[in-house]
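What follows is a pair of complexes built around subunit A, which joins subunit B in one and subunit C in the other.
Moving on to the complex of A and B:
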């Protein structure tokens, strides 16, 4: 892109000290509390929910819904640790924290790994969505073309930066939340016996189920990157927790309805129970409501993918001082390449599993690890001592 | 930068137009939409498939086309059908699937597989079993509906509300088939002269048809399953009428409210189940002579209670020992208590066989209609 040649604008320019310019930057791009919550929910919602009832029931039988709850609790713990870590380092994001703790080289290498992970997640989410579209709507259309098409709006949204993503996310959540009401139809046919007896699955199986859920709840780790943009940092924990619990609530209701609607043995045979339940819905004028659901879901995919893409682009931005948008464009070829590798369902499934494992480990363990290391090495936030920098100070700085 | 962005998105999205040729086009006039499908067993063990499609021909001619074809696989037979039709055969509008009794006795799961696998086929597809050839049923013309597939769909929808046939879609069959604790059941139809008539329920053991019960028995079965509000039921009384010599008086009732409770106990390791069914009924027909008054009603409802209770017991006995099937889902109930240890198919069959099932039927006549 040619923007690099243009005279740089003030906010991207490292004027005076680096730190101060960063602070100005943050003040200009801020997310309010509501947007933070929504952004977390949006990134968590991806393609995982389509198969979610099956994967939990495979592990924990009809007690699978407890796995979802347990996963919610685990995420909550992870979020608390993340917020403690972030407060310790004040205005730094993950890449900055890595550099501060490990020094320039190792820190940058770790950041690179995280950025690669973000690109891989973006690729797998969009590619899996393409697979869903193909198996439900257009079986014969070219996969690669679809994949290219879905990447266009993703890239476009990602170049807009986090403030655009926050607003876009709000619009998307309001535009897609009606899908939850499709659950009412299968819910009328619930057999209460299918939930009983409670606690039949051993605790270990429920934990295994939670592990399966964790691939669907990842997304909250992006808090590590959006934290510097949050307006009211004191309310961060509240915002991200409510975002995460909104996700868990929606997941839980989906899983509960699916377990009551399908018999346990049947549920295991169904590829995407969530979509199958939408197939039961018959409106007076419209049949095949799942088609509308899948099409609407593309918005959810776009926001997830673009947020991850933006996160990867941030790495290049921080590393080379290039523009954020340029950083995003630089990630797109990699994104494209990763998504084109799996050409059939099984390879994609393996890819998904692998990335689910990596994603859960990263989002659960990375922040606590950094926290422990920062405590051991006595590294702390960018210059100032206090946890919270008052908002007006930042504004004054601009 | 902002100038650049204005053309960027429209430009990129314009690429989307290039892919519009990639999707396969379905033009309504060229489609043969399957409304109903029937499966028979051919003499050589192959599958005979009959489909009915609306004929969109201009002018006169039959309103539906019915084509029969043979194959090992469902989709193979469909392909053969497609070859003998000028239209592209699609199954998105399929409403009913009929299986002949002969085929169903060998199991229908392998045939259902493709219906469940196919994304185009709705999960609210009605299944039923016919006593004769499904070809006969589907090829016939019906006065009220343009096609037999549609006719059956409307018939089942209506009759399911009267509880003479169960409301079973392919989703429900799939659910009960997989569930370790319930056997599937679907409506049973018969050709009676010129008409198709819903005549009760076809019972399955796993996916194999084993027998059928009458519409009256179906109502009682559904009552035991906890539905049945609004259904009618006939019961003979002990009083003799004079008009038709020797005929006992009869009473027809509508169930306006039903309550249903199942108590599960254990007796020497064997399950003991007690159904308590409480019904409030409204008299809709009565052929006895004694006027229905506060004096006579208690004794009449006692008789009704007794009669229905014994009929329910007979039904359960048939299900349990004659057909050895569990459409009531007793296995599911037992499993839900969690008192019977590790659950599997063999255990369910064994427990069901030796279970003692009691029925307590309580009847209250709340209204007698406009006359006494």
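Moving on to the complex of A and C:
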């Protein structure tokens, strides 16, 4: 019997000592592949999903779900172009690339525009969420107080840097994944004939629907800023694509369930179909689950806003060599001010639409434009600008 | 928050009334430096140094008493060195002077540890360490003998971390016995201790312990550097020291795991952590710590894995209950009563109908009452403490409801959250969790679920930002390390725990070979074989042989 015994499997483990040379590169390598994917998903998820089924159906009828798929494909193309651009400039981020292509002044100005855009998106996302909270949970409380309140955790997370944001994304995934399971309840009452006939809407309408979706998938353009922090750069495309397709899958299932559960005619009359679908869920201990859903959704909002805020603070960090956290603190008053401009629903809606257009154009067109320009102007490589070198401050055991 | 802390510090600095500059002649005299002088000078300087220290015995022995034909001077602290030990020291000193060929200083001899003393400062330091310093006019150098036998408490059961299963002995306040308790469980030369003293007045002994083959050098360097940078007049406890070497000193959460139990420390050392043993404290700090460690008890590993996993999950659910249950009550009753099922709503409204306050004040009242009871019970001796329990549990709970101050359901919620906070094995963590409950209740009272969830988010972000010795605090959850989940909600069977936890990045990652595959299968045994040839199980595998 002793002959038949398997040999002792003692796997020799190499001692994992972090040598000095490794540690320097360790500085910027703070996001692993999983965290990148989750961060992209989390920044894409915002307030858009509440209205998404209605917005899609308004444009493309009951074929609206194809718009979501089409949007996923478009995002994928944009992501591929982005990764090509980023590979070309080794470990530079968007601000660095702008400076490299256009020189100091124009590059900084473009960077400033992008930072302003980030702050504006952050403001609109948080402000819209506050509006949702008010209309569903607290019809009488002051908007400004709620807006101020949500900025506190956003600032706190953003000042922690990308490492905290990456971990935050993971934690949020664990904390909010249950919301997806609420879809099961309306999914049991789906009427299949609501989807039929297929391809009724003309292709142009589907494309129009995709344009409506694109405001909800905005967020992947932050890849341009988190790229220097990714551990395994060769897996970037895989990570961000899986993140974006996770978003698309969740959007698609929401839209599919909404179309099947309501009908096209009914959907158009509902302001936020996603929340109304949650309303029909009843647990033995809790009625009105959507109260908890909306409150839990603050997690998603906070990570979106804080990532955008961090991206804006990063501009100041690069420009003036101030600390990242200080840069974020400097952006907060601006964020506060922008968010307080639209004082009624109508203005906010206008603002939202404007930002949606800008966001979609920026995230879809900015990277290809830069790529083309860099090809034309024959700029590539990391350059020798000091601010892109890893800094000792960022070295942290993790 | 950061700015507020900064402001507070500035105000405190400004408010501190600096004393006027001392007059030069008021300055305390410093000890003379340099080598020892003549016998009489030395005696004079020692007496000057220990002026008015009446517990320090400075005795000049008459000629010929110890050393033939020479005067002798001895100095020791009566309360730290019992007279038997001093007697032995004198005998050793005698042979040292009379027969220098038989005994030499700076070696541990048969019955005493002897060191040569070079300067007066050395001599004073040795006396304060509890050693006996002897000098004679027949010899130019002075000698110090280890006679340190401090007053200690015997090794006892652990009060704060009591367990049903597993070893019962706990650390005491003496660093020697604590180091002994660790060393006797880790008989390997790889277990290293480094000593240092901290505190300009207390001169507390502190030892850093680590396993050289496992612990990452970064952590050893880091903890050493942090301890070296502590500048204060005194430390009184390990938890006091921990707050001076924290990554984030203003955080409400402990960033060093503190335990009274030697086998916990040993298991942490084997996981690649560093330990800090402080003299005068029964707590040993281990780091890098992670959040989940504060919910692991050494009993979990003695218990079978199923029951251990159930208890572990219960503890983690207990955290959620203890920080948020009363806040959820406040939020739901104040703003979101639609969430309550209609049958329950009737009961709730009935029980709340007599309460005159808004729910947030009602809850705060009851929470404060319970905290008062708990604190009173903790401070009082056991017998009176029981009375407090009865008074609190029956009289206040029942009376508060019938007097219309609180509702029945709130009493249940608050009691549940208090009990849930007690199942956290780490006392320091459970008090921290109880403390953060109050801001959450206030947030829920003012802004309902929205405020509550933002508060929970703040706590979560705080956890994510925290680090212990540079390692992420919320480790197996975020950053997600699925291989470490084996010891979180589940405590998987021991043969499956083949790898150490990755949070400490141990040099040697494997803990054991894949034992499950190589354990010889149990063989049917006859009584004869069993009693006869028990020591050679390999032989018996062939079958029943006589």
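What we mean here is this: the second predicted complex is superposed on the first by the 354 of 398 C-alpha atoms of A that agree within 3 Å, B and C clash if a C-alpha of one lies under 4 Å from a C-alpha of the other, contacts with A are read in each partner's own complex, and residues count from 1 in each chain.
The definition used in the following text is that a residue touches a chain if its C-beta (ideal position, glycine included) is under 8 Å from a C-beta of that chain, and two chains touch if they have at least 3 such contacts.
Because the structure is predicted, anything quoted here is derived from the model rather than measured.
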Which of subunit B and subunit C A:141 touches, first, second, both or neither: both
Which of subunit B and subunit C A:284 touches, first, second, both or neither: second
Partner chain in contact with A:174 - subunit B first, subunit C second, else both or neither: second
Partner chain in contact with A:295 - subunit B first, subunit C second, else both or neither: second
Which partner reaches more residues of subunit A (counting touched residues only), subunit B or subunit C: C
Touched partner set for A:246, first subunit B, second subunit C, both or neither: neither
First (subunit B), second (subunit C), both or neither touched by A:36: neither
Touching partner for A:305 - first (subunit B), second (subunit C), both, neither: neither
Partner chain(s) touched by A:156 [first = subunit B, second = subunit C, both, neither]: both
Intersection of the subunit A residues that touch subunit B with those that touch subunit C: 138, 141, 145-146, 149, 152-153, 156, 287-288
Residue ranges of subunit B touching subunit A (in the complex, touch as defined): 1, 8-9, 12-13, 15-16, 19, 22-24, 92, 119, 122-124, 171, 174-180, 182, 329, 332-333, 335-338
Complex interface listing, subunit A residues touching subunit C: 1-2, 5-6, 8-11, 13, 15-18, 32, 34-35, 133, 137-138, 141, 145-146, 149-150, 152-153, 156-157, 160, 164, 166-171, 174-175, 284-289, 291-292, 294-296, 298-299, 302, 396-398
Residues of subunit A that touch subunit B when the two form their complex: 3, 135-136, 138, 140-142, 145-146, 148-149, 152-153, 156, 191, 193-194, 196-197, 200, 262-266, 269, 276, 279-280, 282, 287-288, 325
Contact set on subunit C toward subunit A in their complex: 1, 216-218, 288, 335-336, 338-342, 447-454, 457-458, 460-462, 464-465, 467, 469-472, 474, 477-480, 505-510, 513-514, 517-518, 520, 538, 541-542
